[in-house]
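What follows is a pair of complexes built around chain A, which joins chain B in one and chain C in the other.
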Partner chain A sequence: MAHVSVPMYWRTIPQRYQMMGQKCKKCGAVNFPPKGVCKYCNASSEFEELQLSGKGKVHTFVLIGAGGAPPEFADQMKAGGSYPVAIVELAEGPKVIGQMTDVNPKDVKMGMPVKAELKKIYTEEGVIRYGFKFAPDLEGK
Partner chain B sequence: MTAGISGYNSYVPRLRIKKEDYAKAWGSFQAAGVSEKAVMSFDEDALTAASRVSKRALESVPMAPAKVTRFAFASTTAPYLEKLLSGTVLVNVGMPNSAFTTDHTTSTRAGTEALVSGIEHVKASPGGVAVVATADAPRASMWDPLEHPMGAGAAGFVLSSENLIAEVEGYASFAMEHFGERFKPAGEGTLQDLNVKKFFASAFTTCTTKACASLLKKLGTKPEDYAHVVIQQPDAKTPGSVAGKLMFNDAQMASGLVSVNLGDLGAASTTVGLVAALDAAKVGDRIIMISYGSGAGSDAVSLKVVSDRKPVPSFKDQLEKKEYIDYIQYVKLKGALK
Partner chain C sequence: MRRVAIVGAGQSKYGEFPEKGIKELFFEAYKDMASSVDKNFDPKQIESAYVGNLGSGGFQLGNMSALVAEYVGLPYIHTVRVENACASGGYALVAAVMDVMSGAHKMVLAGGVEKMTDVSGMKQKYWLGVSGDTEYERLAGTTFAGLYALIAHRHMHEFGTKREHLSMVAVKNHKNGAQNPKAQFQREIQLEQAMKAPIVAYPLNLFDCCSTTDGASSLLVCDAEVAKQFTDTPIYITGFGTSSDYLAIHDRINTVTLEGTKRASQHAYKMAGLTAKDIQLAEVHDCFTIAELLAYEDLGFCEKGKAGQFIEEGHTKIDGDKPVNASGGLKSKGHPIGSTGTGQAYEMFNQLRGTVQKPIRQVKGIEKGLVHNVGGSGGTVSVSIMER
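Showing the complex of A and B:
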């Protein structure tokens, strides 16, 4: 993720804080993050808002180690070591990229159930950018 | 109108540091009775923890966030000194923008300030639903032994007049002027303390005993009527020092003494203790919680358990799910090396 200006971040608060997705009125596919044109049928820009559950499973993941972290995540890497970034297949269908959290990187497995939680993503211009990361879905167990 | 707790839960960060690691670094660990403490990760703060417990508390009822009419947030370690804090949690949890929100932040009494303000809302507004989120990870300079007991944790509650787990029987407060103990002057980032232990002991004793005594008098209850007693835990010994004066015993304090494993939870000290006590309580049990905030003041709240409905994950499950870090990792995560 490169630099995202404060106003650009404001406009994406529904997707970053609440995982608000969109359902294509033409083909019914769920887009997340929201798009201008449906990325599945490429034929419609008409959507209805859809509140995603935040639940899904790890499709695949990678560990970001020394030197691999983008500048906004460099401090996190320094303080906490390598961190896992996953492609998560959400219960509603879309695949999204996000950091894994509340887990030892060694315990991340493909197929593990996860749930989106609000975390600090990074801090820029003195502003804390909150958003979701994926934690192991242990609640209810 | 009856008001009480319809749902609750806690959040305990998975990272822990043992007292032995402090002793290795500093020669001693100055947090009486604390054996290990919880630590927030690099990507957490009081607001992310408050979001977590708000959602967990609502799920435990279960109740839709859209029904909430009042939200109160409490912490002594808010990520901003000026900026609305409760709005972040409100939006993330999906509570209505029209709910009246408040931020309680200037002393470790903030947790019960938020709780009492939620109770008052429910009593005053028919159909009202309050969510109270208390989350804290108190911090001080690593050079200061004041830092040793400081842990991390959060507790959230849904308060309403229906579907109750515990009924709030009453509450009482005591506030006075007292200075020189645990204070952060405006414009200075770190917590300070003039370290006059006797002054602290006298303020702590005065506030907690006066608030407790006036509540017992108001309700006509006796110390032995309470199965669970939760008193502010700046460490794991201090609450015991006033319990005797209030005629409470160690057995009554056992279920809510969370500082032994989590450290000083600041504004979330008595609220996380309350969650542990509620998890352990049986129908008919009475619980009393007595907070303390430097400066100084105390709130005492009396509850009666009316349902054995328990939330998941339990407090105990979270206590057992942990991963240890050493002191160097701790200092890095706290951002103390910058």
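Showing the complex of A and C:
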């Protein structure tokens, strides 16, 4: 039951490994994940590449419980129990969804500072997929 | 453009039916629709069919509209499978309405069907999950419960919406669904029971989530000019609206608003010459309890942020001033994905005509109703206004 094939994943590696975003040449806003046309002005498809800091704040979060995980995350649930997933408002402006890591689920709070780290996301088609997860940013404010 | 009416509506029972596949379920709804037409029903007059469907139980994805149409005796017509995740049925209705409005066809079938229980729980989550954003939402380890939980948590944080408010939606809808002979769960639940159910995706628990369901529904849509040949009480579609949104919720400007619902309903109100105040009954998309609260706000029944208070004050009860989900909603009636939108219209058809099976959930003397169908977490939304 492949659902993100290796080639499909491979095409998104710059987003997932380096958090490469797009700064719109017309309105200056930063898009991430990438779009064909800037989602802020809907008027330009010309961008400068911009590597994001990976820093941001928790905009909202959920604690995925038993039965709430997709099949490809069932093993993680079995091994580690409930895990937090957040929408993070990045320092450069855009919001993005990601799993939280290196944190007790009970300690996740709205507005808490976080930073992206490259982690193992899951395994599919026998291939480990890496991408970013968000850890508490102890130096952030 | 042509005016459009519905002259017949049917629904299969919703639930778990090991003995029935998509063909049999669709036929059950079709026969129920045919028997609801007061006079002169002739299948030969049906010129096209729009069938809402997401996954066919993983069975017949390609060309399934031709299959279910010929199975019920409608070969050689214009058929289309309409797929917009959980809003497939609502969009099938809108497609049928536009077909008739355009003058292309006079007599059109709008329906939907889903077979969800044939597949394992793991596979269901796979199928359902792929209607969200696959590249990011899914790879963060969420299903739809997780996405709606993200919205619910933010709503609670921004507006002080309480855990109880979510459970009040489940309690209300189960109370209505207990009176619906075609509902999957015909039983009431208590607030405490709803509050203490096992967590699926905090803050949402099991009783905040709708189930997986088999079922089908069927509507006979026609040119208003010929409607009276079939019944003395046609129900008119006086307005509709649809809107897409950014698929992934992180891409949306506002996490606690379904922009698709706002835009679709504003378009539908304008077309019908009505406002939210004029709506006397609404069947809204309560796939999760928070979704019904969002619908109150985004359809304009109450101010943004006030949905918790709105349900607490009892406005949306069956005997309130703005009854919502008299059928039991997706929560209690069940949510057979592709059928949900046309199933909502089936309920509204009977409510407006005063022909609800069990009169206890009949809202009396109403003339204007609204049906609201959401795909995924709001990537697609359809709203239709139905009037007597």
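In this section, the second predicted complex is superposed on the first by the 136 of 141 C-alpha atoms of A that agree within 3 Å, B and C clash if a C-alpha of one lies under 4 Å from a C-alpha of the other, contacts with A are read in each partner's own complex, and residues count from 1 in each chain.
The working rule: a contact is a pair of C-beta atoms (placed from the backbone, for glycine too) under 8 Å apart; a residue touches a chain by one contact, two chains touch by 3 or more.
Please read these numbers as outputs of a predicted model, since none were measured by experiment.
**Q** Mind checking chain B and chain C on superposed chain A, clash or fit?
**A** Chain B/chain C on chain A - fit side by side.
**Q** Report for A:I87: first if it touches chain B alone, second if chain C alone, otherwise both or neither.
**A** A:I87: touches chain C, not chain B.
**Q** Could you look at A:A116 and tell me whether it touches chain B, chain C, both or neither (first, second, both, neither)?
**A** In the superposition, A:A116 contacts neither chain B nor chain C.
**Q** Looking at A:L63, would you say it contacts chain B, chain C, both, or neither? Reply first, second, both or neither.
**A** A:L63 contacts chain C only, not chain B.
**Q** Go through the superposed model and pick first if A:Q76 touches only chain B, second if only chain C, both, or neither.
**A** So A:Q76 meets both chain B and chain C here.
**Q** Going by the contact rule set out at the top, does A:V108 touch chain B (first), chain C (second), both, or neither?
**A** Neither chain B nor chain C is touched by A:V108.
**Q** On the A-aligned overlay, A:C38 touches which partner chain: chain B = first, chain C = second, or both, or neither?
**A** Neither chain B nor chain C is touched by A:C38.
**Q** Looking at A:T12, would you say it contacts chain B, chain C, both, or neither? Reply first, second, both or neither.
**A** In the superposed model, A:T12 contacts chain C only, not chain B.
**Q** Quick one: name whichever of chain B and chain C touches more residues of chain A.
**A** Of chain B and chain C, the partner in contact with more residues of chain A is C.
**Q** Taking the superposition on A as described, I'd like to know which of chain B and chain C A:L52 touches: first, second, both or neither.
**A** neither
**Q** Which partner chains sit in contact with A:V30 here, chain B, chain C, both or neither? Use first/second/both/neither.
**A** A:V30 contacts neither chain B nor chain C.
**Q** For the superposed model, what is the least distance in angstrom between any CA atom of chain B and any CA atom of chain C?
**A** Comparing every C-alpha of chain B with every C-alpha of chain C, the smallest gap is 12 Å.
**Q** Please report the chain A residues shared by its interface with chain B and its interface with chain C.
**A** Shared contact residues on chain A (touching chain B in one complex, chain C in the other): 76, 99, 121.
**Q** What does chain A use to touch chain B in their complex?
**A** 13, 17-18, 51, 75-76, 78-80, 99, 101-102, 104, 117-121, 128, 130, 133, 138-141
**Q** Show me the residue ranges of chain C that touch chain A in the complex, using the header's touch definition.
**A** 122-123, 125-126, 129-130, 134-143, 145-146, 149-151, 153-154, 157, 198-204, 206, 246, 248-251, 255
**Q** Using the touch rule from the top, collect the residues of chain A that touch chain C in their complex.
**A** 1, 3-4, 12, 33, 39, 59-71, 73-74, 76, 82-83, 85, 87, 94-99, 110, 121-122, 129, 131
**Q** Using the touch definition from the top, list the residues of chain B that touch chain A in their complex.
**A** 14, 41-45, 47-48, 51-52, 56, 59, 79-80, 88, 91-92, 94, 312-313, 321, 323, 332-333, 335
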